[in-house]
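Alright, structures below, take your time with them.
Each of the next two complexes has chain A plus one more chain, namely chain B in the first and chain C in the second.
After this line comes the complex of A and B, so read on.
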């Protein structure tokens, strides 16, 4: 059944209204704030933010962390999804893994961040283990650096990659892989020439979600950085809540959003160009 | 002719179900052979076992004298045309066809030459740059053929390759496949559930039932001399008349109908098979050895070259008659009494 134009319109009113009310209008407000100084309209906020090396470092750090989180999620999530779809015969076991993957999403991020502190801290499980094995002489600093932020974020966002990749792997016609094998491709060549390219749309979707969520994450970085690393979301929070500079906070928000969107657009466009027909 | 494939007592079980129960088959080089049977009869399993996608439970497959046990699909000298073509959607037609030659590390010029040759063989020379989804079903089918043929396999395996095409296109592709087979001189092993397709194309047909080959031979031989009621029913149109075996092994139509000039060593009931086109209407030119029975006409339908008559024999069994004698058929009306006759040796006594 095809929806009539009228029904489609009625169905769209809700989402569009919501989007306007809770995103477009607040965002316009934010942009206005960033462009408004004591003497009226000005670009002062942007010039001061963009000429300050401190902000630049935070921006670059944020993007690097987000990129690495995306990469780690892909490297850990893709094989898991592949295993679940292509090697797990039992549907019950597959469902169990889905549940295990999704359940942590119901737990507070704060709890999970503190969990990592317990694991990675100087007296944490990892260090205790390493010391007991004699692998190290003194506890190693695993916490409060970029690595711990990346671990914490990747751990939380990994399920999103697994789920998106699973759904696309499931949709790949198995006879295509058979055809590749039949035409002389070893299992690994068949994977790299057929399965992987055909699953890229899922990888793109998953990595865009993960990149965007990493770039805007606040709780995990602020707990696992121990204040030694600064990402954009923490800076923005400070501008609003500590230094009371909502105009600077707004400016930073706009900069982060624009840069993130530009990167995602470039990425999606790049992949799209290479695999246009696979979609 | 040399044997290209030898299948020896092949068995494949999936848990409690048996997909292949002791299949033996020898395929000669250059043959066009069809595996024919209803879905679930094991024909696709057999094909996939030859291609290397199914590891047999027991038994042996040899291709050109080389045992295939443990040889993975990509190292077997066979190529498959898959049921839904399985063209790579992310590659152009030319890249699809070049997939095999590239995997086999052919020099670039040679690979390109072969791809062009294969595409021209199926009449798609101008389509190299297109993508599969831009092609019609028939064109996709040709690409799948070219993609397999380009590797010059010892045996081309075809898994219901025409099943997704409409009737007209299917008929044309049958002729085309036959032409390709002559042209390339390869061995074709063709899986189908369509007996007409098998009869039209194959040199030999292996009829399968429940994981076994129940009869193998040329289409004409199987059509004329089916080994069982199952085969007779499956190949072509057949009247399968249930007969009882009376005293002295003489057959009676139904349980108490007229006696028929056939004998059987069996007791109980047997099947008499007679093809609709072997039955004539009336007794005008009857020969002494003809079998004649009185029937009632129930229905008739004009089918161009013949009239299809549906008649009821004594005892209530219905028979189909294809009558080429238009005048006689046209004169009859439903409900009228008439006689039908056939040459004694055109009918076969079958067991189940």
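After this line comes the complex of A and C, so read on.
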């Protein structure tokens, strides 16, 4: 449709106005809060946060957890997506798989975390199984550590990786794979030199989303850590709702945001350079 | 020893199918377990569930605080979706059909709530609403949720618009239709599946949100996920399983509705995966 400048303006004024009022300005205010002290503009909040080992540990833990979640999601999600696109012939089965993929996305994080408590808890499914098999004599602690946070996060974010990779695998021209096979490449050679490189943009997009969402996830870590592990989002929440230090909360938010975005940018840049060299 | 190639291929396929099945089990089991436990007759949660009773559902449905939370969640999600459609469809239309300086920037800004930390969005809205004097009200919840879910509408509508032939719209305009006639008679009917999918994804993402809601909740104004979040810190009991199971039934119902109305596969890929439209 051809849109005149006037129509364009009329159509955009609502959404842009709303986002300015309730998204851009609130974020700007948050940044200002982090840079403002009793005596006006200052970097004090940042120096006190960045020189505190406690905050550093939380930041590093957050990033390590997010990295592992991204890795797990890729290792588990890629094979499933590949299977769905290249091997699954039954349309009904494929539909069922989409239901299994999307239903968790439509369920609250609380419910999903609760599911893992029930599975991994002391009276949970895994412990019941281990006890019945006689593998252990008393219930083992499987919950409330980094591993349970990683399992919980990978569980909620995995569908996003599968869907992103599916979307790109679908768009790959199959004749390229056939050509590689006709020219004598074994299936694994064809996969590693044709299919995988062509699907890389989907993997990159998926891993960026998953990394960003893990780094900022609040519900899953706070339930599945049992308070024994601390990630950045939990600290941010505490500063606002328990210790009532919005200035520190805002500073931690900005630090989390900047570090996450910087890592994502570095990753995207690195991938782009490597693909360009390879081509 | 040489293994014949098609035999090797078969091993590979079985292996791949095995991994795929394991991943699917990993995805399905937590929800199935919650549903199973919601019927246990014991007053604590233990696996496997004992017996079969619906009394936890009766307990939940007889508890007015749960009902209130269900009502708040539903009103909030419905209103947020409505506003998101009013903001998102015009925005997507312009982004898809007009090129102008700053277009990419605006598009990135509209979609950024999808990747920005939702907890930071919640905190920012609370702080902003406090300055303006509407903190911890339904209005504060609503604006936060609108920002949160509008990107889903924009993304699906953008995907539908870029998959649709522009020539039909131009023909209508050449024949004298005004932009609004063109939109309502040509464009909207053609992008309807995208609009429906976007609306349902917007609704559900508002319905399940904790991070944005929790900052602006009070003991009398609480959505169902926030209520569950507070509950789970102190009690882990079959009542919790029953409420959770109710939300799972709702999710499954919505998934089926999406599949019947617009096709789940396309809707899911367009909304969650990078729709390659922007």
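Operating definition for what follows: the second predicted complex is superposed on the first by the 254 of 279 C-alpha atoms of A that agree within 3 Å, B and C clash if a C-alpha of one lies under 4 Å from a C-alpha of the other, contacts with A are read in each partner's own complex, and residues count from 1 in each chain.
The rule is short, and it goes like this: contacts are C-beta pairs under 8 Å (C-beta built on N, C-alpha and C of every residue); 3 or more make two chains touch, one makes a residue touch a chain.
Small disclaimer: the values here were computed from a predicted structure and weren't measured.
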item: Joint occupancy of chain A by chain B and chain C, clash or fit; value: fit
item: Partner chain(s) touched by A:72 [first = chain B, second = chain C, both, neither]; value: neither
item: First, second, both or neither for A:173, with chain B first and chain C second; value: first
item: Touched partner set for A:194, first chain B, second chain C, both or neither; value: first
item: Chain B versus chain C as contact partner of A:99, first or second or both or neither; value: second
item: Partner chain(s) touched by A:186 [first = chain B, second = chain C, both, neither]; value: both
item: First (chain B), second (chain C), both or neither touched by A:118; value: second
item: Touched partner set for A:248, first chain B, second chain C, both or neither; value: neither
item: Chain B or chain C, by number of chain A residues touched; value: C
item: First (chain B), second (chain C), both or neither touched by A:85; value: neither
item: Chain B and chain C, minimum CA distance [Å, superposed model]; value: 6
item: On chain A, the residue positions that both chain B and chain C contact, one per complex; value: 186-187
item: Complex interface listing, chain A residues touching chain B; value: 173, 175-176, 178-187, 189-190, 193-194, 197-198, 275, 277-278
item: Chain A contact footprint on chain B (complex, rising order); value: 51-53, 72-74, 78-80, 82-84, 86-91, 99-100, 103-104, 131, 133, 147-148, 151
item: Touching residues (chain side chain C, partner chain A) in the complex; value: 5, 9, 12-13, 16-17, 19-20, 23-24, 26-31, 33-34, 37, 44-48, 83, 86-88, 90-91, 93-94, 97-98, 100, 106, 109-110, 113-121, 123-128, 131, 143-144, 146-147, 150, 166, 169-170, 173, 179, 182-183, 187, 204, 207-211, 214-215, 224-225, 228-229, 232, 236, 240-241, 244, 247-248, 251-252, 254-256, 258-259, 264-265, 268-269, 272-274, 276
item: Contact set on chain A toward chain C in their complex; value: 1-4, 7-8, 11-12, 14-16, 18-19, 21-27, 29-30, 33, 76-77, 79-80, 82-84, 87, 94-95, 97-119, 121, 123-125, 128, 155, 158-160, 162-164, 166-167, 170, 186-188, 202, 205-206, 208-209, 212-213, 215-216, 218-219, 223, 233, 236-237, 240-241, 246, 249-250, 253, 256-257, 260
